[in-house]
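Per-chain residue numbering starts at 1, and chain names A, B and C are given in the order in which the chains are listed.
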Amino acid sequence: MCPSPNLQARARLSRRLFLGAGLALATSACSGGILDPVGPVGADASKILIDATIIMLAIVIPTIVLAFWVAWRYRASNPKAEYLPYWSYSGRIEAVVWSIPILTIMFLGGVIWIGSYRLDPFRPLSTTVPPLEVQVVSLDWKWLFIYPQQGIATVNEFVVPAGVPVHFSITSASVFNVFFVPRLGSMIYAMPGMVSQLHLQADRPADLFGISAHFSGDGFSDMQFEVKSVPPAQFAAWLQGVRSAGPVLNLATYTQLAQQSENVRALTFRAVDPRLFDAISSQKIAPGPGPEPPTPEHAGREVSTGGRH
Amino acid sequence: MFGKLSWSAIPVHEPIALITSIVVILVMLGILALITVKGWWPYLWTEWITSVDHKRIGIMYCILGVVMLIRGFADAIMMRTQQAAAVGGAQGYLNPEHYNQIFSAHGTIMIFFGAMPLVIGFMNFLTPLQLGVRDVAFPTLNSVSFWLTASGALLVNVSLFIGEFARTGWLPYPPLSEATYSPGVGVDYYLWAVQIAGIGTLMTGINFVTTVLKMRCPGMSLLRMPMFCWTTLSSSLLIVAVFPILTATLAMLSLDRVFGWHYFTNDAGGNPMMFMNLIWAWGHPEVYILVLPAFGIFSEIFSTFSGKPLFGYRSMVAATLFICVVSMMVWLHHFFTMGAGPAVNTFFGIASSVIAVGTGVKIYNWIFTMYGGRVRFAVPMLWSMGFIFTFIMGGLTGVLLAVPPADFLVHNSMFLVAHFHNVIVGGVVFALFAGLDFWFPKAFGFRLHEGWGKAAFWFAFFGFWITFAPLYVLGLQGMTRRLQHVNIDEWKPMLDLSVVGIGVLILGVISQVVMLVVSIRDREKLRDVTGDPWDGRSLEWATPSPAPFFNFATMPNVEGEEAYWGIKVRAIESQRLGPEPRYEPIEMPLSSPVGFYTAVFASVTGFALIWHIWWLAGLGLLGAFIGFVVFAWRDVHEFHVPAEEVARVDRARRAARQALMERIADQGALA
Amino acid sequence: MTDTSLPATRETIRRVREDPYRLGHRDHHAGEPVEGTGQGTTGPASKRIIVGYGFWIFLLSDIVMFACFFAAFAVQRNATAGGPGMRDLVEMPRVALETGALLLSSYTCGLSFAATNARNLFWTQTFLLITGLLGLAFVGMELQEFIELASHGMIPQRSGFLTSFYGLVGLHGLHVTIAGLWLLTMMAQVQVKGFRPEIVHRLICFNLFWHALDIVWIGIFTIVYLMGAVI
């Protein structure tokens, strides 16, 4: 076949362009994402992410270079390259070829092992500050945050004091969701009938966003919530404000809230029934209802009622 | 009478679905009319629809796969443009109901009805040829498998026009997919389409395990098989081991939905976690079912276009089997973030990254296959080099996702989306395009146009990276997958860049189509008269192009690795072909309409079950049983190809070989 | 060989020896390639081996499917949602009878194949018929059990546990029913077409299937019923 050296040259050029573009992309990724953490969990996890990348790049880059160098060196049009038509085995190369990935993975296996234990979401953070308890319920399609120690609750708005570890107990009142605040660190599933634990901490005041990372139906795209990390004094003031106004979260208001709704604005509850979370997570309160069943006008097709009653 | 079905099932208020379906129906009617007017029905019926020839079935699988790839690609275009259009308060042009169907259909179609049929198509077309036999172990079953897959594909497409498709993603996670939260027929369409196609795939797996292990020409011991046959075997073993899990899981979900049972429901003791475990116990090996044959294709290509045997053949076999086994022990990495605990996460994290050892070994062996070779950069080789780069990067991000603490940050994000496209497109789809170019002459007797093939590669390669590199960045910025609209303005630039990428990919698809059209137009110029257009090494190249329906006039007798290469070298060295064999009549399996017939009844039954039309479902099952009995009653299963016919075909082949040999001798290529 | 001769004849022994995989009594050394097994040097296996081998692979896959339903049962065994548990379900005498019928049917099925090997139409059909009747009795008793349970409100819609119970036992029952249909078809084929090679191959497969269902039942009997009655 045609050796097409110009194509090869073009390929090399394009690779260079790629590396450049990659760097540009990487830097743009650093602001506001998981690589720009505001808490210790996010910092540790993103460090592992970067470390593991570097460990692998150490063999990936030479391998890619080797591949393209060999292909180019032994191109059919290169008379200088030796042709070894029957050379297909070398014990030494085989040994190296197996040991490089094995060694890399052994090393990485260590990272996995240590990291899995150290960053286990269920493990409390090592700090002397007593944690803030927060109970999270994912609903169709909004997030309910209950502050049991403070006796208040919020929807789609989550305020934490900076520098204080937060212990989340997370469940779902309908389908699966994932609780995820990218700049704070680890995500974890919200599952009906089960309670997941998560420990996070914001080190400094910041305006962040949280998001659901698991598709949960028609209103999924708006399952975002504001996360405000504020100085402790401001947190107390905020609490005061919440306690002074708004409705109470009890079985009746919860049942109302559990109906499907989309793009829900933030709201607060000045008081909350303390048994509510356990009742939800143990499914003593029935899981949230789904959409209306299909009507004869829409045979077999669901019509979402969310947000458009 | 008609269960849940009524006229209102037709989506008259959704212009995109409606117009698309009308156009598709018109095109189909047009094609059918053309076939009728031209009088092609008898030919199609006898030579293709009822054919049990593994090559014909393989080609039909590939056609189905390519058509569905284009369908899935159309979904991809809509997804990328919708997300870019719906940033910061904008809603784009697809409402959630529609968008959610599109991403579910995209994944379902690409995996079950695009990649799987193509991979199985290659297995069908190549395995018997490479093993030096005349057909697969169960030719009629093979036809049934194909038509069941086609039947599933049909149901998915029917959902566009009647009712709706699932809005739950390519794997319908309960409780979202339970009747409470998804009361429409979408999930039922998914369940029955995949169930029917899955049973077809399971039978394919059984067929190919038996073929590879029990049907090889004399001398073809296991360790002389071409690499592709090894990957076929591994992939089929995985199919046999895990597709029953899919069947069981989908059956359980169907029971939940139809009869109100409680396997995975939210209430009354149902257990959604059981679904996660079961579906991924199938789902992760499924990835390797796709990618192992792709590795096989690359092995053949690297070796052929380097003019050398595959480096470290036994090592490659070991790596393949290693991946085959370990792939069944990694499923939990799909839900590290469900809180299984550090010990479990550690085990599955390490098991998942250990797979990279197998793939790493393969990559190095391909590199050393090129070492000391005469590397020709034909189109299949370009895809292979593109694969090396793309797949290594995909492997890197894959191992990152296998590190639980890192996964806690990027699980279910756009990073994940970019990763699995990186391995599936870069690994499987690149292999399929490489393979299409490589074996096209063997299937149709002429090569594909090289210029357009190269254009297709470069557009696909750059298009791929421009589309998916931004998604990695978006994942790192915290964007999760399956968003119908995004509320964060900073994500806009990367989403736009991704749309540019998909534009380049569209050019790639157009190039592929043009390549096909141009090649068919210039087929006389591109004709392969030798049967061995690439200087091949395995037995399929010993046959003329296209191969006769009986593959080999006399069964080859293999005396070493690289069966055909050995024969070729001997012939060239001695300057003559082997002595003309004594031709004998050949027994070949008779065509049978049972596959097509079964699929018609499967489609009817599936459709009836989706819409709860119970009498029709019963009728469909009864029809299938009657078909089975009628088929079993058949007295004659085989027909004889007379010795003269075999001799005529083989003498033509020998003449072409003689010419090829003399040409090579003139060039002194082996000197 | 006459129609009335008993299954175990010299002819049987000769035919059994045709099987290249038969245990013991090979004329050649171990490790030496055997004609017709499809192991490399000798070319493709004989049709009989291919059919049997393929069917074995199918059985393995079928057992994987059963394994999923077993797993679901194990997971949901205590998910009674306040409803009845396993101990409220088991009625040992009937289960014992069911098991007896099925095990006996396996024996008669084996006898039918001994008769097939002897190419004895009468005994083949007789034993197949007995096998089928025993299978029918089994399915009948199972249905009776289901109906009785349902009349006490123990239906699969009641709880996750009952779902998994009905799923597992019902799947086996469905298999036996389908096998029964197959058996009727096979009897008709044997009657009309006699012992043509492809009919014998199908009888081999049918035998394998029937025995496999028996083995699965042993699992169900032990794990669902026996352990259910005790634990």
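The working rule: contacts are C-beta pairs under 8 Å (C-beta built on N, C-alpha and C of every residue); 3 or more make two chains touch, one makes a residue touch a chain.
Which chain is which protein? Per UniProt: B = Cytochrome o ubiquinol oxidase subunit I.
Given the structure is predicted, the values throughout are model-derived calculations rather than measurements.
Colleague: Note the shortest touch-path length, in steps, from chain A to chain B.
Modeller: So the least number of steps between the two chains is 1.
Colleague: Which chain is most central here if centres come from C-alpha coordinates alone?
Modeller: Per-chain C-alpha centroids ranked by distance to the global centroid put B first.
Colleague: Please work out the Cα centroid separation of chain A and chain B, and write it as a whole number of Å.
Modeller: Centre separation, chain A to chain B: 31 Å.
Colleague: Please compute the C-alpha centroid of chain A, do the same for chain C, then give the distance between them in whole Å.
Modeller: Centres of chain A and chain C (C-alpha means) sit 49 Å apart.
Colleague: Any idea how many Å lie between the Cα centroids of chain B and chain C?
Modeller: 34
Colleague: Going by the touch rule set out above, which residues of chain B reach two or more other chains?
Modeller: 267
Colleague: Okay, in this complex, where on chain A does chain B touch?
Modeller: 1-4, 7-8, 11, 14-15, 18, 21-22, 25-26, 28-35, 42, 44-46, 48-49, 52-53, 56-57, 60, 63-64, 66-68, 70-71, 74-76, 81-90, 93-94, 97-98, 100-102, 104-105, 108-109, 111-113, 115-123, 174-176, 178, 180, 182-183, 185-189, 191-194, 196-197, 209, 211-222, 224, 283, 286-287, 289-294, 296-304
Colleague: Along chain B, where are the residues that touch chain C in the complex?
Modeller: Residues 133, 137-138, 202, 205-207, 209-210, 213-222, 224, 240-245, 247-249, 252, 255-256, 259-263, 265, 267-271, 274, 278, 555, 625, 628-629, 632-633, 635, 637.
Colleague: Show which residues of chain C lie in contact with chain B when the two form their complex.
Modeller: 37-45, 49-50, 53-54, 57-58, 60-62, 64-65, 68-69, 71-72, 75-76, 79-81, 156-164, 166-167, 181, 185, 189, 193, 198, 202
Colleague: Name, in rising order, each residue of chain B that touches chain A in their complex.
Modeller: Contacts found on chain B: 4-9, 11, 96-97, 100, 162-164, 167-169, 173, 175-176, 180-186, 266-267, 272-273, 305-313, 315, 335, 337-339, 341-343, 345-346, 349-350, 353-354, 356-357, 360-361, 363-378, 381-382, 385, 388-389, 392-393, 395-396, 399-400, 402-406, 408-413, 450, 454, 462, 465, 469-470, 472-473, 476-478, 480-488, 490, 493-494, 610-611.
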